[in-house]
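Sharing a structure, written as structure tokens. Questions coming.
Residue numbering begins at 1 within each chain, and the chains themselves are lettered A, B, C and D in the order written.
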Amino acid sequence: SMHWIVTLTCDDRPGIVHAISGAIVEAGGNITESQQFSSGDTGRFFMRLQVESDAPREVFEQALAPVTERYAMEWQLDVVGRPLRTLVLASKAGHCVNDLLYRQRAGQLAIDMPLIMSNHPDLGSLATFYEVPFESHAVTTPGQKLAFEDRILEVVEQHDIELVVLARYMQILSPELCEQLSGKIINIHHSFLPGFKGANPYKQAHARGVKLIGATAHFVTSDLDEGPIIEQNVVRVDHASTSSELVSIGQDEESRTLTQAVKWFAEDRVLLDGARTIIFR
Amino acid sequence: SMHWIVTLTCDDRPGIVHAISGAIVEAGGNITESQQFSSGDTGRFFMRLQVESDAPREVFEQALAPVTERYAMEWQLDVVGRPLRTLVLASKAGHCVNDLLYRQRAGQLAIDMPLIMSNHPDLGSLATFYEVPFESHAVTTPGQKLAFEDRILEVVEQHDIELVVLARYMQILSPELCEQLSGKIINIHHSFLPGFKGANPYKQAHARGVKLIGATAHFVTSDLDEGPIIEQNVVRVDHASTSSELVSIGQDEESRTLTQAVKWFAEDRVLLDGARTIIFR
Amino acid sequence: SMHWIVTLTCDDRPGIVHAISGAIVEAGGNITESQQFSSGDTGRFFMRLQVESDAPREVFEQALAPVTERYAMEWQLDVVGRPLRTLVLASKAGHCVNDLLYRQRAGQLAIDMPLIMSNHPDLGSLATFYEVPFESHAVTTPGQKLAFEDRILEVVEQHDIELVVLARYMQILSPELCEQLSGKIINIHHSFLPGFKGANPYKQAHARGVKLIGATAHFVTSDLDEGPIIEQNVVRVDHASTSSELVSIGQDEESRTLTQAVKWFAEDRVLLDGARTIIFR
Amino acid sequence: SMHWIVTLTCDDRPGIVHAISGAIVEAGGNITESQQFSSGDTGRFFMRLQVESDAPREVFEQALAPVTERYAMEWQLDVVGRPLRTLVLASKAGHCVNDLLYRQRAGQLAIDMPLIMSNHPDLGSLATFYEVPFESHAVTTPGQKLAFEDRILEVVEQHDIELVVLARYMQILSPELCEQLSGKIINIHHSFLPGFKGANPYKQAHARGVKLIGATAHFVTSDLDEGPIIEQNVVRVDHASTSSELVSIGQDEESRTLTQAVKWFAEDRVLLDGARTIIFR
């Protein structure tokens, strides 16, 4: 039998759970996992269900259709464990890419990576070891940047990419690209946002003498470092930590935070509620 | 309008969610929170719902009755925020009792404490400050122990006690009492169980040179320190910590772990699945 | 025999440890704890020693004098466990004050509190229970604020106060007072600074959808929320937490963070290195 | 100029710090880091110093000799950053080996790995990618086990190995080998010892319903899972985690805990105090 994931959102009102569960019973399904949230901020209702069923997709969709229409739901039907088509953008630092590749191969992260793109060739051999295609293009002139972004869109189109991951890709994307791929780009910022936005966050953290440093995985919007936060982690540091030690200490938080965010996204656990995210862990 | 909590458990099979949500629609209720779990170990299904509704209790019960009967459910209907009638047993150490009292008064912990019983008089003034009745009885002879346990049962009866909390009560309860109040006694053990069972866990922890010490809140069974675990926390220590410093460091974990367990229990978030607990956080 | 604490700072150069340890040998002392740090940012050397010795203070001071002069040290000689004379300022919220009082009585926090001052009468009975004098004065007009600050300085003078603790005292102190008591006022800010400076940090945190909230204990300077950080802690929250739940969740971090900072300060473990703190834990 | 590490231990008595710092001044050294500990359990004194100096090793050793003799010290002189000659033993699971290799290459872990030995060929290509020699030998008969251990000793001899790391090597070493390499073998146990000793700790943890699982890096002794603990970490799990999910969740803790322990050992930060370790972090 198949395991399905249903995610949906609509304006909150009574009877939604009963209506949805009715459609699932009709399709011969059994709910094995269920999470819901009613947002006090936006008045929206959010739900994620895992359903065990022998029914084919069409039967499922037919059963759900009247309900999703009645409540004007945005919804999605996915299969548990289906690898998410993911484009990874990287630069020189390998810790985040290495973690994604290692966990993907180890079976802990259901993504397909048809390509890794970088503005530096450094991570080529790592990609090769994990048998993931890799291309690098210099991005130092405005023209090169434009070409790089065109190539991104081409790859997204060609491979039907569902998620673009900025795995310490150190370039700022154009507002147009952010807009076009809205809700589909996840970035890892190497600070505990909203603290230390912008460049050199570890240097800022050292100067300010913070006692914990962190990392933030968030959706990319054209408003730099302000997109909806998906996950954050921190680690303790002390007065003896230099800026460059903070960099090294922080890398673990960066890679585990980014991998966690990608994993949740790939499992359809991340929903958007205005400027905030719902995470159905 | 009222906010209800429905908790239920039954053998797992398809259609439960739909049946329950149907009953709730029938009673004019709106599900605002929902959690469920199907146990692979025992084949049991567990659910906790919060429901907003104007219906009186009888209407609710009538609507639920056919469903709970059909699925042979064990179930319970409670009101959100209703204070749980709680008997606290203590000894000399005040940190756990202080935390329960402080949070109860601060409105963070929905319990009523009609009485604190202790085998020492030390905590009397603390109880008095928080205006909770307090009685202490020496428990040094078998006869005194018997009398103390009789008094517990009398208080449980008299105040219709729903939970007995061992807030560092240093006596072992008789198997008969454990049996009689099964599933209704929560203890705090000052170690990260199953490590360091029995007496003097901090001394054991020091001798063994562990790098983290912890606390465990668990249901009390006649099998000492083996009851179902509700919550655990740890804190980092190092080689310089003496046994007595471990005692002091560990007290914070003890009190926050116990308070957390009591809070979840009072909010009907703790269900039993054989020797394990389901915690609907 | 006595246990002494020596803290010192001077420009970093070779031979300091040998010179200091020589003076301690001369005074018949045995070093039982030693921590040092050379700041790459400021070129300053910092040290904290615990010394066991039978020598009286004068002998100690005589032995140290030539060394502290040669290296132009700022230094201090204290006795392990001596209670720090502490003035607590509070407002309505009791969680931080309660924690300070409870731990002081429990013997975990070596401070003397000759007085708690507040701009509201709410915490009077708590102070009374712990037998700490309490006075409250309305602080709603500029004149009242001036009078309150005059009273602070009077109390500092009268009781030879070594530390002023802002235990959720919700008023901004005047730059003059900050200046006058520089390095002697510790505040608890209810956010993970530098994120969410200013008012209503939990509301800001909710709006921004952060996944961890925190608390920061820092020295007060006239530059609001920018003083040197002493300690920080965070706790995980999720999308379901409302602003007011964040307030409640965050209180534990606030009180344990503030108490920790006060404890370290009372144990002479906090030294200033420009805008950063050295914490000899 | 060079950066040296001095580690030493001797019976505790007054004057040690002064004597040692005098020898360092004599050798033209400047102490940049210093940690010490007096063990109340064993009466031993432990110290670790980092020293900046232009003096060659002989000068250093000459200066230290009278002091180390007078106090009957066990001591060691090392160079900061010198890679530790390390033999890694593995089996099928790659997470720990991958972490060691990745961090070694990234410059975060100062070890040399002249060889990885395994009882399975699975990790060969990973080793090859990181250009570390790899050999695998079946270890299913007593004779094969004997041969494998002989080969270990041969490699230790040939490469002057300073540390053997059991990176989820699933075989129990013979008491003779444990004895011969005493204090030089670090194992990662996939539980929070002393809880869940022996086989299948995650299965035990699931059955017991613990709320945190952990990992323990410890020295190997002939007393299985009882050697001195170097580092421990835990991670939160809940009722919904199956045994096999615990395995996956726990792997992160295993690899970071083991890598941390190896890093500290390579930096001469781990000293033995009876059955406990001193960690100069």
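The rule is short, and it goes like this: contacts are C-beta pairs under 8 Å (C-beta built on N, C-alpha and C of every residue); 3 or more make two chains touch, one makes a residue touch a chain.
Worth saying up front: this structure is predicted, and the values here are computed from it rather than measured.
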Practice task
State the pair with the higher C-beta contact count; candidates are A-C and A-B.
Solution key: A-C
Practice task
Could you tell me which of B-C, A-B or B-D has an interface matching C-D, in the sense that over half of the contact pairs are shared by residue number?
Solution key: A-B
Exercise for the section: Tell me which chain's centre, taken as the mean of its C-alpha atoms, is farthest from chain C. Expected result: A
Practice task
List the centre-to-centre spacing of chain A and chain B in whole Å, with centres computed as mean CA coordinates.
Solution key: 37
Fill in the blank from the handout: Here the gap between chain A and chain C, centre to centre from mean Cα coordinates and rounded to Å, is 41
Handout entry: Complex contact set, residues of chain D against chain A
Key = 94-95, 98, 102, 106, 108, 125, 129, 248, 252, 256
Exercise for the section: Would you pull the chain A residues touching chain C in the complex into a rising list? Expected result: 37, 39-40, 192-196, 207-212, 214, 228-234, 238-240, 242, 273, 275-279, 281
Problem - For the chain A and chain B complex, residues of the former touching the latter - result: 13-18, 21-22, 24-25, 28-36, 38
